[in-house]
Each structure stands twice: as structure tokens, then as C-alpha cells.
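Here come two complexes built around subunit A, the first alongside subunit B, the second alongside subunit C.
On to the complex of A and B.
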């Protein structure tokens, strides 16, 4: 069943692109294949299955994030701005879901890296404002580091090789996602499927959970230490850069880019703590990226292109609260869990995290201003996203149970 | 005899990847990719896996032909002005691949590891340093073929064929991507 979660979106992307001239039929086909893929992802069993010698496995945390990715793709198509080409968006979304599902279900780490490389090449070949080289470099470098990590994990005779495997794994995943120090420029005029936000907000969450649950499983104890240390170090770096960059940015695309970075910093620290609470916090943050930050950025994009005067409305305060991770939204539970986990390891780390989290309170108000004067469609979209986020925030145990962190 | 054939395969794969690094036009790209596929499949064939060898060769051939048709720049484009650093890079990365294959990695045969390391390293060097879309995609296809071979080394022997098929399909897909307008994908020089 796990392989069908890969097959249906892939077939949907193919059929959708073949039928793209017949708009309504193409959308229906994309919807049908997307729903079939979602059902396959929901009903897949975690046991390992073998097909033509290849291992397929969908562990519970990966399955949860994969299902949330399907929902995020559905929201992106549903909330697309008026006049947008929904067929192109649906086809890109299904293509992205096929890539995510491949990363999620393939048991062979080299094939996971191959899926990332293929996605990087195809993504960089989409028409966009930035050059091919600029777009392919970070994810392709990430894929190559993942190949190195997989080969070293499978067999190396030296301690240095084992340590390099842990290092290459973390650096490979952060490069593929496009986190600092591999951060790309975010131009709101660029279509979302071709922009770096596709990696930061859509492909990245599953990749990082696969890293934490499956790819890191083969590392030796020595490599495990390097793995955790680099995760926490990169997390702190991204968190600091996100906060600093956010303070220096005007309300615009750059501020959104740094806000993604801030969330990813918390995710990396949470995973690096190697604790149940840390993993739970990271999972909740990833759900928040997929179901709040990414769709909100897509809703704000038309206003970012117009670069109108920033305005804050009453609903904007709720958006700011949700983006900053205030109670009772999903980010609050994640931040509490992360602080609890970090304080058990080292209080200076917990103090740094608390300062970085608080720094995003005023920045989130500036983020909410980027919507300008929202249209009725944007207001509906924002309300829907806030309700979903509120539900996750009020009952985070549901997500934590799904990912095995309760 | 088997070891010598596998070594020849690794050498051919390294030479093909070097051509990919040194070329700037469609004949060079296609020939380089063909040599990479031929070298990797010869290495696999020498070790008894004729099915993955066939798939890698067929995938490389198809990818080279598709890429040849998609690349607008005619000719070989080999060893253009200022290519001395690239020649040195090919030699250094070749030596590095031998070291990686013999000293650091332990899975599979040393010839197989060296072939994978040489193609992956040189393909990566080309992919990460060029703004030319066709050069980047062809280098990516070479790395995909190497991944197809490497995935077979990591997994059980039954998975070799499926892994080679995955690598071949990825290589063809990368080479089949349509060309972007010249402004967004100018030659790297």
C-alpha cells in the first residue's frame, strides 16, 4: 500500500499535464488521483514490504507528515488566488507529492538521495526568474551529500568515515531543504512551485523526518554524537540568523523567508535533542509549517508582488499570534515541549531558545501586515487556516500520538 | 580477468565523466554520458550482474540521445579556452575516487566503489559549478546512473536490477527536461 502513495500522485501529475487543455477534466483527474494517494498514505501499514527486491516502508512519523503534506497541497490548490492556473498548481503539487512519497517510502538510502537529486533537477528546470545553476546548487549538493552518507553508513572501515557519515547526513538534508548556509533568495514574483519555498515549506518536512527516523538509524554511536551536535548547531545558527534577518528586513518576502528559517531552526534543535519531547515539538512545528506558514505565504504572495503599503487589520493580530506560536495555536504546544526538552539538557540552550521565540512576537505582527487589505477569498483562507491551527493547538496529543511522541 | 574488466569499466566511467566536465556542447555531453553508462555497465557485467548492466547501458544510451536532441549548441565543445583547471580537476578527482574506493568505503568491490565515486564526484563538480542547464542536467544524469549502481551495492543483490532501473529512469527524465530560454541557462565558460 505504501508504494501506492507514490504511484497515485505520480500518475495524477502525468494525467493532469496531458489533460491540461481541458481545464475542468484535468482538475477532476488531479483531485481523484490526489485523494487516492491520500487514502493510500492513510491506510498504509508500517511493516516493511519488498517489491522487485526493493524495500518499501512507511514508519508512523513519516506517514503522519506525508498525510499532512497531502492536505497542504490540497489547501494550496483550494486557496489559490483568483486567476491563478489551478491545473498547473495541481500538477506541480502532485509532482511534489510523488517526490515526497518516494523519499518517505523508499527503504534504500541511496534511492532516497536519487529521488532528491531527480526532484532538484526537475524543479530547477521549471521556468523561473533565477538561473538554473542558482536553483539546482543547494538541493543537488544535498543529494550528493546524502549519497556519501548512505555509502559511508553502509560500509566504512574507519572512525573518521563514520563521523563524516553523520555530518554528511545532516548537511545533506539542510542543503536540500535550503536552510542556512544554503539559503536561496525568495522572490514573490516567482511561481510558488519553482521558488525555494517549495523545498522550505513542502518537500523539506518529510525529508527531515525521514532523516531523523530512518536514515540516522544506521549511524554508529560515534557518528550519532556528530549527528546530534551538528543538528543543534545548525538549528541555533538558523534560529539566530532568522531572528537577526527578520529584524533587519522590511515587511516583505525576505521577512517570510526568515520566518521559515526561524521555524526550521527550532525543528533542527528539537530533532538534535534526541528526546521524545524534542521530536514531538519538531513534528508539531513541521505540521505548523505545512498547514499554516506555507499556505499563509501563498495567500500573501499576491500582496507581496504589489508591494503596497503594509496594513494591519483585526484579523491580522490573530495571524500574528498563530505565526509567533502563541497560545492556543499549534506553535505554542511545540515551543513548550521544546523548552522542556532543552531545559533538561542545558539551561543556556533553553534560555537562548526562549529569547529567539520571543523575538518573533513583534516580527510576526510585521508578517501579518504583508497581507495588505485582504480580499474576501484571502480572508476565508486565513480563517480556515487559523481554525485548523487552532484545532491542532487545542489537541496536540493527536499529532503527538500519530508520530509516536506522546 | 573479472577484476581487470571491472577496472576497465571504472576507467571508462571516469573518462566519460571527465568528458562531461570538459565539454560545452551536445556531442561532448552525449559522448561523455554514453561512456559513463558503458563504463558502469561494464563494471557491473564483470561482476556477474547482466540485468543491471543492460539497464544502465540502455538508460545511458536513451538519456544521451534525448539530451543530444534537446541541447541547442552544436559540436563537441571540448577543451575550450581556460579549461586547464578542469583537466586538473578530472585528474585530482580520479585519484580521490581511487582513495575513496580503496581506503574509506567497504561495500561491494573496490572497482565498483571507485567507479561510483569518480562519476559522482565529477558529475557533482560539473552540476554544482555551471549555470548551463543542459550541462547540469547531463551531469545530473551521470550521477543518477552512478546512484543506480551504488543503490545495488547498498541493498541486497535482488535489488540491483530495480535500483539500476531507477537510476536509468532518473537519467532519462533529467535529460528529457525541456531547455530553458538561453538567458536563464547561459554556458558556464
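On to the complex of A and C.
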């Protein structure tokens, strides 16, 4: 079934493209293939299977994030602004899901890297405001580092080679996602499928979980230490840069970009702690990125383009609370788990994390202001997202059990 | 060569998997492409009518020589496919012959239409180079040029290269099959023709119909295990061939929809570097040795 989770969205993107000008039929086809892919992802077994010479495997944590990615794509199409070309969005979403599923289910690390490389190239070639070179640099470099990591892991038995592989793996994934030091500019006028948010909020979560669960599996214990240290170092860097950049930004697209960075910093630290709590925290944060921060950014994008006066409404306070990771939303449980795990390793790290988390409280209020005066569609979307996030926050054990971190 | 083999080759060239099969399957693919690319025309019947409209009327006589030569070369490539019931013995089929025949067919078309301003020779030459990579790199590790052997090859170390070549092959098809404006002397299927109706337009149209089977059939032969010589085998082969055609139409539609700038960027900045990386990967994995 794992291969069907890749096949259905791929076929859906193709059929959607073929029927592009028959709008209703195209949307129906995209919906049918998307649902079929979701069912395949939910029912896939974790055992390794071989088809046409290719190994397919879907480990439990990757499966959970893949399923959440399907839901996030569905939300993006459902909550698209009035007048948006939903067929183009659905086709792009299914294409993205096919890329995510390829990364998630392909057993061969070189193939995973090639899938990332191809995705990077096609994504950068999409019409957008920034140049092709500017957009392809980081993800293509990341994909090439992943190829290097895969070849080194397979081809060398030396400790130095394994350490370089670990380093290349972490740097490759951070570069592909577009985290600091490979951070790209975010322009709200760019269509979402072509903007860096596609990597930061949609393709990145599965890639990072695949890195943590499968790609790093070939590293020895000694190389694993170096891998964890680089992850924590990059996590702290992204967290610090996110907070600092957020404080210096006006309420706008830049603030959103740094808010993604802040969440990703916490994710990297959580994964680098190499503990069950750390992994659980990282998984909850990734779910929160996919089901809250990404769709909220998509809802706020039309207001960001208009650059109207920032306004805060009563519902905005709830949005701010959810974005900052306050109780009872999903981010709270994630932050609590992360602090518990970090304090078990080194209290200065936990202290730094706590300060960085608290710094996002006022920044989240400024983020909530970017919605301006929300339309009824945006209000409905925000309410739906808050309910989903509340459900995850009230019962995080469900997600933790799915990813094997309970 | 024994007379029996000559007879088998002639049957192959003229009937199956040659002329008759290529014309039938090509017409189906062309009608599907016309229906998908220009839905304003209506259903499949108007699409079929527009495909048949390229054939010369009773007033015109014959086809342009270049078109017929190119079509003949395409049929020679058909003989090299690992298609079920192919009368050409498996040991006589060769990937290199198919590659040279199809490249020569494309070049014949280009010498014929070289000076057409609306076309992009640089793009087509780049795509041909990338297609050759997709075609020949899978043969590096097995050291074998027989399509059916490559389809069956089971070297785990070659799997990433084969997968990369599969995608590369699919990405090259829109330009090779003349499905995008930059590579279609006669215009895209169903679109307003660039040539006046007549012998020349008929020549270009016929050639594209004949090209579907060799390109898509070679894809099926190279990247999938050979189909058995029975009805199920034929059905399986046809499904793969038509699936490949569908994917190439879908890619073409996306390229046309996003415009000429995107198409150039896609081929020069995505497909060409991906081909170079595929060659590099093939070399590294070949050095690591077949496991």
C-alpha cells in the first residue's frame, strides 16, 4: 500500500493537469485521487515491500506526518481565497504530495535524494517573482548533499566518512527546507506553491522526519553524536535568528518567515536531543506547522499583499495564543515536552529554549494582526484551524502514539 | 540472412510492431492528446476529426520524402522494442539501433524544417542529448544493449540510476513527440496548424502519429520487465505505452499552460542538469560495482 500513497497523488496531478480546463471534473478527479492517496497512506503497513525492483517502506512516524501532509493540502485547497484557481492549487498540491510521498516511501536513500533534487528543480522553475537561480540554489545544494551523505553512508566504513555523512545529511536537509543559513526571501505576492513556504511548511516536515528515522539509521554511534550536535547547533541558530529577526520585522511576510524559522529551530533541537520526548515534541511541532502555521499564512496572504493597517480582533488573540504555543493548543504540549527533554540533557539549553519560546508571545500578537479585517471565509478558516489545533492540544497522546513517542 | 528472418523483419516493419501498429496506436494517442490539449473542440469525435484532417485530400499526391524517410526510421526503432509477439528475435534487437533511428528521424525532420522561426533547435538538441542519457545510462551497469535484458536487469546498485533515467525519459518526451510549440513544426495536437493544409502539414502530422509507439514502447521495454507473449502480455504492454503517452501529454499541458519561459527554464535549468547528475550518479554507482 505504501507505493499507492505515492502513486495516487502522482496520478491525480497528471489527471488534474489533463482535465485542467474542465474545472469541475478536474477538481473531482483531484479530490478522488487525493482521498485515495490518503486512504493508502493511512492503511499502509510498515513492512518493507519491493515493486519493480524498488524498495518501499513507510515507518510509523513518517506515515503520521505524511497523513497530516495530505490533510494540510486538503485544507489549503478548501480554504483558498475566493477567485483563486482551485484546479491549479489542487494539481500543485497533489504534485507536492507525490514528492512528499516519494521521500516518505522510497527505501533507497539515493532515490530519496534524487526525488528531492527533482522536486527542487521543478519547484524553482515555477513562475515566480524571484529568479530561478536564487530559488534553486539552496534546495539543489541540499539535495546534492543528501546524495553525498547516501553514497558516503553506503560506500565508506571509516569514522571520518560516517561523520561527514552525518554532517552532509543535516546540512542537506536544512538547505533543502530553506532554513538558516540557507534562508530565502518570502514575498507574499508570489503564489504559495512557488514560494519558499512550500518547503518550509509543506515539503519540509516529511523530509526532516525521514532524515531522523531512516536516513540517519545508517550512521554509527560515534557519527550519530556529531549528527546530533549539528542538529542542536543549527536548531539554536535558527531559533535565535527567528526570535531576533521577528523582533526586528514589521508585521508582514518577514515576520511570518521568522515565525516558521522559530518553529523549525525547536524541531531541530527536539530531533537533536535523540530522546523519545524530544522526538515527540518535534513531531507535535511539525503537525502544528502543517495544520496551523502553514494554512494560517495562506489565509493571511491576501491581506499581506494589500499591506493594509495591522488590526487585532478578539479572535486574533486566540490565533496569537495558538501560534505562540500557549495552552491548550498543540504547541503547548510540544514545548513542554521539549523543555522536559532539554532539561534532562543540559539546563542552560532548556533555559535558552524557554527564553526563545517566551519571546514569541508578543511576536505572535503581531502575527495575528497581519490578517487585517478578516472576511467571513477567513474567519471560518481560522475557526476551523483553531478547533483542529485545540483537538491536538487537548489530546496530544494520539499524535505521540502514532509517531511512537508515547 | 535466411529468408525466414527477412520475412519476419518485413512483417514486423509493415504490420506489428511496425507500420500498422504504430499508426493505430499513434492515432489513439494523438486523438487523446488533441482532446486533452484543446478541450474547446469538444469531445473525442471532433478531436478524431481534427487528427484525420491532417491527411492529404484526394487532390494531393504522396507525402514529402523526408517525412516518409523519418517515419521509416521510426518504424525501424519499433522493431527494437521488447513488445510481445515481436517477430524480430530478442537477440537481434538493439537499443543503439533504436536510438540512432529515432535521433536520425528527428534530424531528418529538422533538416526539413530547420529554418522555421517559431521552433527552438537549441532546446530540441538539448532534449535529445538528455534523452540519450536516459536511454543509454541504464545499459552501463548490466553492459548490455538488448532492451528486454535491460527491462529485466536486477542490479540493486543500478536502481537509483534507472529511476532517475525513467523520470528523465518522461520529461524529454513532450519535446521529442512534438507536443510543445517550441518543438512542433506543425503546431501542438489540435491547435491551429502552423503549416497550410496540404502535403507538408500532412507529412508533419503523419510523422508525429508514427513517433508515439517507438518512443513510448522503448520506455516500456527499458524500464519494465518484458511482457509475456500472450493476451495479458499485450494488454500490459499497451497499458504501459498508453500510460507513458498520458504522462507526456500531462507534462506538455503543464509546459504549455505555464508558457514558453517556463518551458525553456524547465529544459535548460532542470532537465539538462538532472541529466548531468544522472550520468555522474551512473558512473559512481558503476564504480561501486554491481551488487
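General observations
The criterion applied here is as follows: the second predicted complex is superposed on the first by the 405 of 406 C-alpha atoms of A that agree within 3 Å, B and C clash if a C-alpha of one lies under 4 Å from a C-alpha of the other, contacts with A are read in each partner's own complex, and residues count from 1 in each chain.
The working rule: a contact is a pair of C-beta atoms (placed from the backbone, for glycine too) under 8 Å apart; a residue touches a chain by one contact, two chains touch by 3 or more.
Computed from a prediction, not measured in an experiment: that's the story for all the values here.
For the composite obtained by overlaying on subunit A, subunit B and subunit C cannot both be accommodated without a clash. In the superposition on chain A, A:18 makes contact with subunit C only, not with subunit B. In the superposition on chain A, A:47 makes contact with neither subunit B nor subunit C. In the superposition on chain A, A:161 makes contact with subunit B only, while subunit C stays out of contact range. After overlaying the two complexes on the shared chain, residue contacts for A:85 are found with neither subunit B nor subunit C. Once the two complexes are overlaid on the shared chain, A:147 sits against subunit B and subunit C alike. Within the superposed three-chain model, A:110 lies in touch with subunit B and with subunit C [touch as defined at top].
The partner that reaches more residues of subunit A, of the two candidates subunit B and subunit C, is B. Judged by the document's definition of touching, subunit A residues 52-54, 108, 110-111, 114, 117-118, 121-122, 124-125, 127, 132, 136, 140, 144, 147, 151, 154-155 lie at the interface with subunit B and also at the interface with subunit C.
On the side of subunit C, the complex with subunit A involves touching residues 36, 39-40, 154, 156, 159-160, 162-164, 167, 224-225, 246-247, 249-251, 253-254, 257-259, 261-262, 265-266, 269-270, 273-274, 277, 281, 284-285, 288.
Residue ranges on subunit B touching subunit A, taken from their complex, read 103-107, 113, 116, 120, 124, 127-128, 130-133, 136-137, 140, 143-144, 147-148, 150-151, 153-163, 166-167, 170, 173-174, 177-178, 180-181, 184-186, 188.
Listed in rising order, the residues of subunit A touching subunit C in the complex are 13-15, 17-22, 52-54, 108, 110-111, 114, 117-118, 121-122, 124-127, 132, 136, 140, 144, 147, 151, 154-155.
The touching residues of subunit A, when paired with subunit B in their complex, are 51-55, 108-111, 113-114, 117-118, 120-122, 124-125, 127-128, 130-134, 136-137, 140-141, 143-144, 147, 150-152, 154-158, 161.
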